[in-house]
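Letters A, B, C and D name the chains as they come in the text, with residue numbers starting at 1 for each one.
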Amino acid sequence: MGVTLEQAEKAVRAAKEKAQELNLKMNIAVVDAGANLVAFARMDGAWLGSVDIAIRKARTARFFDMPTGDLGQASQPGGSLYNIEHSNGGLITFPGGIPIKNGSGEIVGAIGVSGSTVENDHTVADAGVKALSS
Amino acid sequence: MGVTLEQAEKAVRAAKEKAQELNLKMNIAVVDAGANLVAFARMDGAWLGSVDIAIRKARTARFFDMPTGDLGQASQPGGSLYNIEHSNGGLITFPGGIPIKNGSGEIVGAIGVSGSTVENDHTVADAGVKALSS
Amino acid sequence: MGVTLEQAEKAVRAAKEKAQELNLKMNIAVVDAGANLVAFARMDGAWLGSVDIAIRKARTARFFDMPTGDLGQASQPGGSLYNIEHSNGGLITFPGGIPIKNGSGEIVGAIGVSGSTVENDHTVADAGVKALSS
Amino acid sequence: MGVTLEQAEKAVRAAKEKAQELNLKMNIAVVDAGANLVAFARMDGAWLGSVDIAIRKARTARFFDMPTGDLGQASQPGGSLYNIEHSNGGLITFPGGIPIKNGSGEIVGAIGVSGSTVENDHTVADAGVKALSS
């Protein structure tokens, strides 16, 4: 079923450290290969509305095995996936969600981060992913 | 109420074979004339988020008796059906959903396919439709 | 991620044959280890309302790794899990959902059947499970 | 807004250790004074359906500032709060959710645990609460 709790907590911790380094307050969620929640942390003072967004970003990234921002480029007006966000009970398609792969390149889960600009969200999520690949 | 299970499974099988031929991993759904699910298959490794999208495409195609992509052209900003995706608990209006007709040209159901580009989704859905018209 | 489509379709087929043998019209759903839908079939004339119930039974059986009826005994008034049905977007806790195990005894998915008495639903689901263990 | 992430993670950790000591696999959630999620952990192999239940137990405990089991006694047929579970998008009213107080006795959040019998769920939740009061 993908990432273990130990791995998920390692990713959350790495994301948290990156957020602290950048002086950001983030919500961080990790789901497993079945897109079910494994670990979550909301840093003190982080946006309340980002609890749900972080979890949805993680789920969206695993639902389609790509960074959420990639999906968002195709879901714009006129894009091939316009309004895909209405599926699956609500997707989030801007950056901040990234699949997590194991050593063999298989996707074993995903991380979702929300609480700042989407660039920062992506950077912090990426720190979580990298903690598991090193 | 339209397509029988035997017909629905024939359409799913044909769509699956087309997907294999194109080396794609698809979610395939068939609904009947009442827009209720009759048959569904998720090919190994197909996107998890496409389970819901394939079903919604099939339902959307029967809800409005047209290919989902046609509806999507009118649901764009400024279009006559702008954001129609908010209705019916969530529609999907990009290609991949196609109505199924019987020999008399009556619509008896619809197929929805999701898992690749919308062009591929439509191609695979079309293979399912054709299997019932031949 | 548990059952393959080939296995899921084998389970659906076995359940369908058992239903035909008993002269029943069933909805049959199979989910994988992540509780995501893999295969579904509604037999001609089966209850429309059972589409959703069959899928929820399969999901509930995997959510708690036990037959749905076991959960239902504890969710009665005065029971230890009273009204657990309100979680997870709606559970179904009467018989008809059964976990599917692999040769090593690991749970790799679940089947849910709905369309007749709960005893018949369970019997037909069990035929699906047995098809994979033999 | 009540518990900090540091406190919430301390409670989760203590609950996890208690679960390991009892050889249980639990889902553990902590919410703050606003009933919004702060920290969550699903132990390897814990029920998937308990992700949602653990979070709902924590929220329910803070919504009404009492252990979830207390509420469940009044929500039975004939009870004064019959079917209160229908409110708030779905409550869970069996044991496993407990409010968290600060040194002054003010409620600053709640913990919810799900994955075993309700007695075990409550015991593990209580270990989380005690970790913050000592």
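Observations, loosely collected:
In this text, contacts are C-beta pairs under 8 Å (C-beta built on N, C-alpha and C of every residue); 3 or more make two chains touch, one makes a residue touch a chain.
Nothing here was measured: the structure is a model prediction, and the numbers come from that model.
Its C-alpha atoms superposed on subunit B, subunit A is turned by 90 degrees; the angle is given in steps of 5. In this structure, the chain pairs A-D and A-C differ in their number of contacting C-beta pairs, and the larger number is found at A-D. Rounded to whole angstrom, the centroid-to-centroid distance between subunit A and subunit B, based on C-alpha atoms, equals 29 Å.
With centres defined as mean CA coordinates, subunit D is found 25 Å away from subunit A. Taking the mean of the C-alpha atoms as each chain's centre, subunit A and subunit C sit 31 Å apart. Of all residues in subunit A, those touching 2 or more other chains are 34-36, 89, listed in ascending order.
Pairs of chains meeting the touch criterion are A-B, A-C, A-D, B-C, C-D. Of all residues in subunit B, those touching subunit A in their complex are 47-50, 52-53, 56, 72, 75-77, 83, 85-86, 90-95, 117-118.
Of all residues in subunit D, those touching subunit A in their complex are 4-5, 8-9, 34, 36-44, 48, 51.
Within the complex, the subunit A residues that touch subunit C are 1, 32-36, 89. By the touch criterion stated above, subunit A contacts subunit B in their complex at residues 34-35, 60, 62-65, 77-78, 80-84, 86-89, 91.
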